[in-house]
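Quick one: this structure, given as structure tokens, is what I'll be asking you about.
Read from first to last, the chains carry the letters A, B, C and D; within each, the first residue is number 1.
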Amino acid sequence: MGLSVEYVVRETAGNLWRNRLMSLAAMLTIAVSLALVGSALLLKQGVATSTQAWKGGVQLLIFMQPNATNAQSKAIVTQLGTLPSVQRYSYVNKAVSYQEFRRLFANQPDLLNSVSEAQIPPSYRVVLKNPSEAPSIGQIFNGQPGVKAVDYNFAAIQTLEKVSSIAQGVIIGLAVILLLSATVLILNVIRVAIFSRRREVTVMKLVGATNWFIRIPFMLEGFTQGLVGALIAGAAVLGIRALFNYLIQRFQVHLLSGFVLTSHDVLMTELVVFAIGVVVGTTGSALAVRRYLDV
Amino acid sequence: MIRLENVYKSYAPGQFALKGVSLEVERGEFVFLIGPSGSGKSTMLRLLLREDIADQGSVWVAGKDLSKIPSWKVPYFRRNIGSIFQDFRLLPNKSAYENVAFALEVIGKSRKAAEKQVPQILELVGLADKMHRLPNELSGGEQQRVAIARAFVNRPLILLADEPTGNLDPETAWGVMRLLERINRTGTAVVMATHDVGIVDQMRRRVVEIDSGAIARDQIRGVYGLGVHQ
Amino acid sequence: MIRLENVYKSYAPGQFALKGVSLEVERGEFVFLIGPSGSGKSTMLRLLLREDIADQGSVWVAGKDLSKIPSWKVPYFRRNIGSIFQDFRLLPNKSAYENVAFALEVIGKSRKAAEKQVPQILELVGLADKMHRLPNELSGGEQQRVAIARAFVNRPLILLADEPTGNLDPETAWGVMRLLERINRTGTAVVMATHDVGIVDQMRRRVVEIDSGAIARDQIRGVYGLGVHQ
Amino acid sequence: MGLSVEYVVRETAGNLWRNRLMSLAAMLTIAVSLALVGSALLLKQGVATSTQAWKGGVQLLIFMQPNATNAQSKAIVTQLGTLPSVQRYSYVNKAVSYQEFRRLFANQPDLLNSVSEAQIPPSYRVVLKNPSEAPSIGQIFNGQPGVKAVDYNFAAIQTLEKVSSIAQGVIIGLAVILLLSATVLILNVIRVAIFSRRREVTVMKLVGATNWFIRIPFMLEGFTQGLVGALIAGAAVLGIRALFNYLIQRFQVHLLSGFVLTSHDVLMTELVVFAIGVVVGTTGSALAVRRYLDV
């Protein structure tokens, strides 16, 4: 069908340039919406890691000394068994703790490398009948022989989780609205492009240009807008990751210390962002070509 | 070359723009299509260009039954047909040369082929010296010549013209007619819808008159008709 | 009614569409504007409608110097002038009645005034029975009558027509001409640009010929010209 | 100029309906961007209230008993004066504390009403040379006679403040991008409207319609889109306020307890949102009318 690369590139670039203001608006809207999608995904993944340890209603963590004796452990177990407020508890050995530690502190490599498996304490995870008793029960174990530390500050964690899930919902909601807007926006950019080139299209049809020859530059225009929007959003996602890391290191907040974004998470997020961008761009232009291009 | 058999076409239910038209045009013929406004001349040309499909009857053009060619093949079919219109349909931001070259480009001809063919055809229509002017730097007649050059650059078998002189003053119109005659002499069939009494009467070619969608007259070496001037 | 004094107009530097045109048209006159394509007929009508301003010279229409009226007053000026064109310029989704009523509505006439005037004027142009048809349910000539009704509904002093019969077959064209003649007889000055030799020759009205932007001939009861047919 | 209300309403509504998809997209984009603007403003105002007490580098708050004796106060002052880690300190009397209390707990009317000025403790605000010493210095005062409580948990507050200010920046940045997009979007909706009505416009000019007669329906179309977007965003702002309140009451987090949104704050936010919406709508359509409407 004689669709030379030079022709397609020239036409697409020409269309984009002619409607540069609109194209820019479309790209920016896509970029913003995809950046929101990316943030929500990163937030979800990060919070998922940081709250993993506290899933299942655990309200109390008792960390043993790495070198605690069997007798010391036994004393703890006995106490846990007899206390009426304890609903259930589980023991986490060194190996599992170490794995968890590596995941939780993946973004602090210095710390990771300075600690070996042997140094990691085993721990007990305790589920209480009444979460508000956590501090008083915590006091009982704090300072007992073999116990290194007791952590019962989980109300904040749960808040974090709840706030984060609401935030994710809101962000995704906004992003979906914006993505729909972006699709319509692209649809319209292409519609204007088709409109402003209807003379050319008439002539092309007159002299026997194939339908795809006429359509492809318009389709590619939408595709390009989606892609550029996704590229900007992709850069933004990296920026957001850096921002998270900065906040964690700068403030060393307890709540955020487990907030880890692995390269894998970031890669997946980028892929999702790109896929959506391209889909939005192509859908918008395909709709415009279908509805407004009479070939 | 062209054969219509009992062709019906309506745009709105019950109102036929063409009703039962049969017509045959041979290779190399020159046919005037005349008839009052709204009689169906443009509709017929649209069917021949496969811009529309007949409701009933069959339309054969350049050896093809137009109701049978799939829509993706229509562009290839159109490359056998040149078409010109009252409003020229030139691209205003392209020069005469570029307008003709554009027609070659969109059907996949190489730039080199264009560099060879375009000056030739512009020479033929007498615009060799105005090749690089934009349409609005050309007179109406010259613009129509560019349009003819574009329609003819692929040496089509058939040239369809819908009131090609409608916007031109009589002198300029005659220039265009002489060019169409010359193209016709190379063996291209020309079908031209027109209202121009003077041209039809002087050219004395085959005249097909349509009235209310039906053929009212088909005359070899015909004239526009009688009783027209008041 | 209309007075041009040494008017110049160019669209591109150095290329004059009108160069030094002087012309006077009295109340109730009927003037044909003829000349080859690109000679400047439409440009002159555009100046009279104040769609453009002359580069030099002065243009007086209906007692006003067009270079002096501020742009916000132009719409009010235009209400004194009716204009019709080759392509009718009707709104396709409005009926004949609505097309004419629209013209009244946009200049702030009440719906009631429209209900009185529109049927009257459609009666005048002979379309009383087709009042509620859409443009594409009307023949070309009928569409042009609607356009004339719209142009005339305010009883303008001047009617400008740019090739009003360019798209019509001769018989239909004559219908339009008879209507314009009738309107002219009510005292409205008519200035009509045309290429139609037959009409100019038969009507025998004042003929102003423009060539390359200058007036080449101004003849009372003139004809199109000689040596045109070949 | 004979611009009847009926005509204008009919034309504007007609235009909006003809391009309903595009109009909807424009309205939604405006709504989302203004909702972001609104959130950022609410966040800013709320955090400003909740962190007001800790401005100026205060790292330690010593609350006295409401009925602490002069001698007890004097002992504290002496200690503060002699401790080398204390850089400076200030005394806040009952009246000022009560004012502050009212502001900080404005969204907990039950609490407000149950506490009178007499019950409010005076307090000392302490700036330390080295913030990390806050806990150890805090221990010194904790439990001393006349001292009711010591609060030195300000690292989190500062994090909150910092995170909030970064969040505000990001949100406002996104909102500005989206507002620009929205302006272009409206510009384009109106452009398409102008395009699709160019026959009408030609005819109007022909028969002598005034320029404003032709322009106003298009202008009003953009104005309406801006306004509707702002209305949606206005509702969203109320929703966000409710969400904040819900979160604060549901989780009673220390960090958020001072997070107050007064009716005045909300009203100001709504006004800003409306103003921006209308400005964006009108600007977009004015640009389109200027550039694409040839009157």
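Note that contacts are C-beta pairs under 8 Å (C-beta built on N, C-alpha and C of every residue); 3 or more make two chains touch, one makes a residue touch a chain.
Because the structure is a prediction, the values reported are computed rather than measured.
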Any chain that touches chain D and chain B: A, C
Identity of the chain that, by mean CA position, is farthest from chain C: A
Interchain centroid distance [CA atoms averaged], chain C/chain D, Å: 61
Distance between chain centroids, defined by C-alpha means - chain A, chain C (Å): 67
Between chain D and chain A, distance of the C-alpha-averaged centres to the nearest whole Å: 26
Chain D residues counted as touching two or more neighbouring chains: none
Pairwise touch network: line, ring, star, complete, or other: ring
Touching pairs - complete list by chain label: A-B, A-D, B-C, C-D
Of chain A, residues touching chain B in the complex: 1-4, 7, 199-200, 202-211, 213
Chain D to chain A touching residues, read off their complex: 21-22, 24-26, 28-29, 31-32, 35-36, 155-156, 158-159, 162-163, 166, 174, 177-178, 180-181, 184-185, 187-189, 191-192, 195, 243, 247, 250-251, 253
Chain C - residues contacting chain B, complex: 11-12, 34-39, 86, 136-137, 139-141, 163, 166-174, 195, 197-198, 202, 224, 228-230
Contacting residues of chain C [partner chain D, same complex]: 71-72, 75-79, 83, 89-92, 102-103, 105-109, 150-151, 154
